[in-house]
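What follows is chain A paired twice: with chain B in the first complex and chain C in the second.
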Partner chain A sequence: MTGSYLLELKNIHKSFDSHRVLNDVSLQIREGEFLTLLGPSGCGKTTTLRIIGGFEQPDSGEVYLNGARVTHLPPYRRNVHTVFQHYALFPHYNVFENVAFSMRLKTLPPQTIEKEVKDALSLVALSGFEKRKVSQLSGGQQQRIALARSLVGKPSLLLLDEPLGALDLKLRESMQLELKKIQQKLKMTFVYVTHDQQEALTMSDRIVVFNHGRIEQCGPAREIYEKPASSFVADFLGNANILAATLLEILPGSRAEILLEGEIKLKVPCAEALPVAAGQRLCVAIRPEKIQLHSGPSQDASKVSLPCVLNDVVYLGSSARVLLSPFSGCAKTIQATVVKYGRSGADSAGGLNGTAPGGTIWAQLDGDDILLLPPESDS
Partner chain B sequence: MSMLKKIDPALSWLIGGRRQTASQLLLLPASAWLACFMLAPIALLFVVSFAQRGDYGAISWTFTLKNYARSIDPRYFPVLMRSALYASTTTAVCLALGYPLAYFISFYVDKHKNLLLLLLMLPLWTSCTVEIYAWIIILGREGLINSLLTQIGLIDEPLRLLNRPFAVLIGLIHTYFPFMVLPLYSSLEKLPKAYIEASKDLGGGPWATLWRVTFPLTLPGVFAGCMLTFIPCMGDFLMAEFLGGPSTYLVGNLIQNQFLTAQDWPFGSSLSVLLIAVMMAGLYLQQTLEKKHASW
Partner chain C sequence: MRPGKLAGRVYAGLVYAALYFPLLIVIAFSFNDAKRNLIWKGFTVKWYGTLFADAELVAALWTSLKVAATASLIATLMGLLASYVLVHHPRLRAKRAYDSALSVPLMVPEIILGVGLLSLYTRVCFDLSFWGLVCAHVVYCLPFVVWVVKARISSLKGHSVEEAAMDLGATEWQAFHKITLPLAWPAILAGGMLAFTVSFEDFVTSFFVAGVGTTTLPIKIYSMMKFGITPEINAMSTILLVLTLLLVAAYYFLNTEKNQDQLPV
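Coming up: the complex of A and B.
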């Protein structure tokens, strides 16, 4: 049963002192997959990676690699390589020796080493850098050398611990695409740790969302974004307005009627199996980009219009974030994204129509864009 | 904006000026101390080394190079070599014992690091004389070791442990061990653990990681520790004086004798100046080597 996966984590628990870092983490990784462990700092994603790499041992639970139990094997006995967050290139070796490190340990013939290093450097587009010192490389180049060093031993699994965190945005974006390309070219399995949801969405075949040492959700990028399993996932990937609601009635045709923040009745689509029964509380998530702003209530019966007070407009370049206080009784601020904000110098486009902060504006929602989620736990 | 620009040069000058004055003031006490008690005596030594020995150990102020000619007399060469041998043996033993210890404290001790370092520095707290007498009590004819060995019947006659090279080495190692371990420890502590993890990650077992990563990256600490051990060992005379015998006569004893016994200050001075010069040359060489090494 463990044979079909390249890597399998089974019920991993880990505490540092009395602080619980991982709580019953189980995970399967298929061969050739680009899997991203995503979560805020302190969520346990790096500890999970370190347990896979052999740098930490779980308090309980098992790690299987290619069907063999490796839970307590040291890092140098696992065919798993890591690209470290700050690269950890050896400063006393030049680029060639850094890349050749794992092969020197295996005492491979010099010709083989030379050829492999050359291939690895050309793979990361740094041919001819063999004699350079590590200190002479830019951050992006160091990152590539670290990648080459880890790839050269042909590990069955490559772990990447926020490898792009220290690079600037432009470089990060181009490296994301390049990493993905290299992974596909070598058909290698990558496990990638990041707290950057955009990075996760760009590269991953599957994303595992961590929170407080638990796996919140695991699935393809699109599924996680469009069908988040919890309010945490909805908010962490791409922002979401999380509002409280009460389930009023389950309607035929996978629909339900809810009462939003105790004020507004809405009909929304829902899954077959709802986490709560009628009459109970739950959460709803609304993506900021799904909210449209108008100067008056909508005539379209299928849509809901909420009168809101415009609090503030945050200019973001390609778009703007509008902060709204919906209906008088609601203490929450909701966010809407306006794409065409200020194209003609004024805020005429995008539905703001010159509404100044403090003015009233109508937020229009399609019931289909509302995601039903289980109620937030108090933990 | 323009106002600020006008003020700016004046402001930076003022702050810069103040900073300079402040830094000079802060340096003043230490500089004065070093000038009085380090530079002045060495200058005096230098001057005296060109003078002549007068009657009854007085200094007669006539310029001569005779002392230097005497200092490089081949007669004294074995003494210098012996000192170098004792100093390098001490350094080697300290390194061999110190590196594993520093490694242990740095990597395996979690809570009691400071306590262990404190214990390590104990020899520095006790007076050298106390240490020497302690060794005499331990190594003497009726000392701890001999009485113990006699009682369990391993020996009939007490072993001669004192007044031999062995005893001098024990004393030197004991005294200078902390000077080796502390720089080793600090360079191991400073070493980013990610390098060690990277080595293990790439297939390096404990020994391969030590030889290919940890040791090369802590070489600056090794150099510093060796220098801090070797240099004072070269000038040490107390250990040879109290724990050694005629066969352990060192450069330090030779110099000490010129000042205290032979009353020949000029010759003692020239020997000292030469020893200092050799040490400085050695330090300079070490630093150039280290700079070359550290150009990572």
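Coming up: the complex of A and C.
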């Protein structure tokens, strides 16, 4: 049943020379969606994209496009275009011929080709570049031409393989917004591959997080950030302190009591279906920006205060990252983000109060900011 | 100048002299107005005239050119196909074995290739004629073509230009002739020229498989030497040398990045 999805991947498995790259990947993409495949290098996201594009064939599993099975169709028989990582422009053609390539193959009338190329170039803000040679373009311009070339055939699906990877930060950020704008304007479906979590958060309607050839989690950006399904997701999308805990008791009202690192008890919110039963081990994630630093323990009973040793402070410009060793016995280092670091007379909320590395500082946690996660698997 | 530096220069000078002096002697004495001796008697170009009056020599030159042209053309086509398959075949088993097997003729002593080809030809009663020689040269030239062409084709693959073409609706064949061929063209031409040079100047393999009527120029020169080194030999060698140098220069010119459509990095 392929339903009303534009693209559907069903139980895709793929190995290269006995090395398993994709393990039971299933995915549905709706028309008009901006979907990002996110993960570290070697996680299988690019292979997934190449299977959708027709450049690789899965060992097992099926690919459906508009309800039709396309698993073994070659790339030229799928109405899917790709923007390649290094653009793959044709250096022996000028800009016009690059953009016109797909239409020339269909032998469309010259007037149509001319109009379409013109439209595509104006869409990527490079009107008037028709006669330029590819080698005369900057990296950002080549990127735009590659985009124009892929958009021009009106594909039902556009695949983008880390297209901004080679650009500098400023250009990348402006291209991110521009890509999103173009996607919304054309109401086209984009599948975007990146290892940059910021890029994924900026553009995507939904994010699919890959790890070791499996889909770890799939959902809207906000949901993935706020309700990560695993410690990998919590750590990959934004930073997270992952700590070990034991589930003590499930309380009424979707709450649970846990024992954090075998030291402190605290009550946290939890989902209806917990990954483990009471008495078993699990993981918790705490976002660095949710930890507040104080010079003494908190008087607020709803919060937990941990005495920590301040190890180091990493200055990041708009904020600073503070590395702490909690509970004298715990080998782990936790990170806290301090926004107002460096201001004269640092304030008590989030400041370091002049604590020097080696000194003691109190990390204050709100139980509501703690995310319960399944225990880390050994694999 | 420090003595060490001076010694270095003298040494380098001697190495280059050892490399080029014999060639310079050949060229110089091809213009020497004296029959069979190594004493300079005066400048002349008459040996070049007598050279072209020698029907056997002209026939040998003609044979060499024909063999080199045919063999390099065949080797280039085969080399292009081999390179494309070696680079693009998705699941070619033992790809690396094929790959290294292709370059073995480069390393095997040529005399063994010659002996092998000769015994093969006599065993299967393959006429030791023009085509026998061409076949031998194709075997010998093919690795050179693959060496040059494969590098370019795999660099094209690295830039996904063929995949981009197929992505935009080109069949494999369309991607090959619209993208691969135009972009690899200078390398293919360079590979062909290298093959031509290798075939044209080949002596050892040809010596074994050349029959009556297919005497190539290097064999002819060798046989003329039985009567000593004559000025004609010097003249012929000079022509051979100039022709080879021109081809090698053309090869280097074609195979520079500047002359190939640059792929954006």
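Just so we're on the same page, the second predicted complex is superposed on the first by the 372 of 379 C-alpha atoms of A that agree within 3 Å, B and C clash if a C-alpha of one lies under 4 Å from a C-alpha of the other, contacts with A are read in each partner's own complex, and residues count from 1 in each chain.
Rule of thumb we're sticking to: a residue touches a chain if its C-beta (ideal position, glycine included) is under 8 Å from a C-beta of that chain, and two chains touch if they have at least 3 such contacts.
These figures come from a predicted structure and were not determined experimentally.
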Margin query: With the two structures overlaid on chain A, would chain B and chain C clash, or do they fit side by side?
Written below: clash
Check: Between chain B (first) and chain C (second), which does A:Y76 come into contact with in this model arrangement: first, second, both, or neither?
Finding: both
Item checked: First (chain B), second (chain C), both or neither touched by A:A244 -> neither
Check: Where does A:L171 make contact in the superposed view: on chain B (first), on chain C (second), on both, or on neither?
Finding: neither
Next item on the list: Look at A:Q142 in the shared chain and tell me whether it touches chain B only, chain C only, both, or neither; answer first, second, both or neither.
Entry: second
Next item on the list: Have a look at where A:L108 lands relative to chain B and chain C in the superposition and call it first, second, both or neither.
Entry: neither
Next item on the list: Using the superposition described at the top, list the residues of chain A that contact chain B and also contact chain C.
Entry: 53-55, 74-76, 80-82, 84, 86, 88-92, 101-102, 105-106, 134-135, 149-150, 153
Checklist line | Residues of chain A that touch chain B when the two form their complex | finding: 53-55, 74-76, 80-82, 84, 86, 88-92, 101-102, 104-106, 133-135, 149-150, 153
Item checked: Partner chain A, residues of chain B touching it in the complex -> 192, 194-195, 197-205, 208, 212-213, 216-217, 295-296
Note to self: Could you list, by residue number, the parts of chain A that touch chain C in their complex?
What the structure shows: 53-55, 74-76, 80-82, 84-92, 101-102, 105-106, 134-135, 137, 139, 142, 149-150, 153
Item checked: Touching residues on chain C, where the partner in the complex is chain A -> 159-161, 163-172, 174, 179, 182-183, 261-265
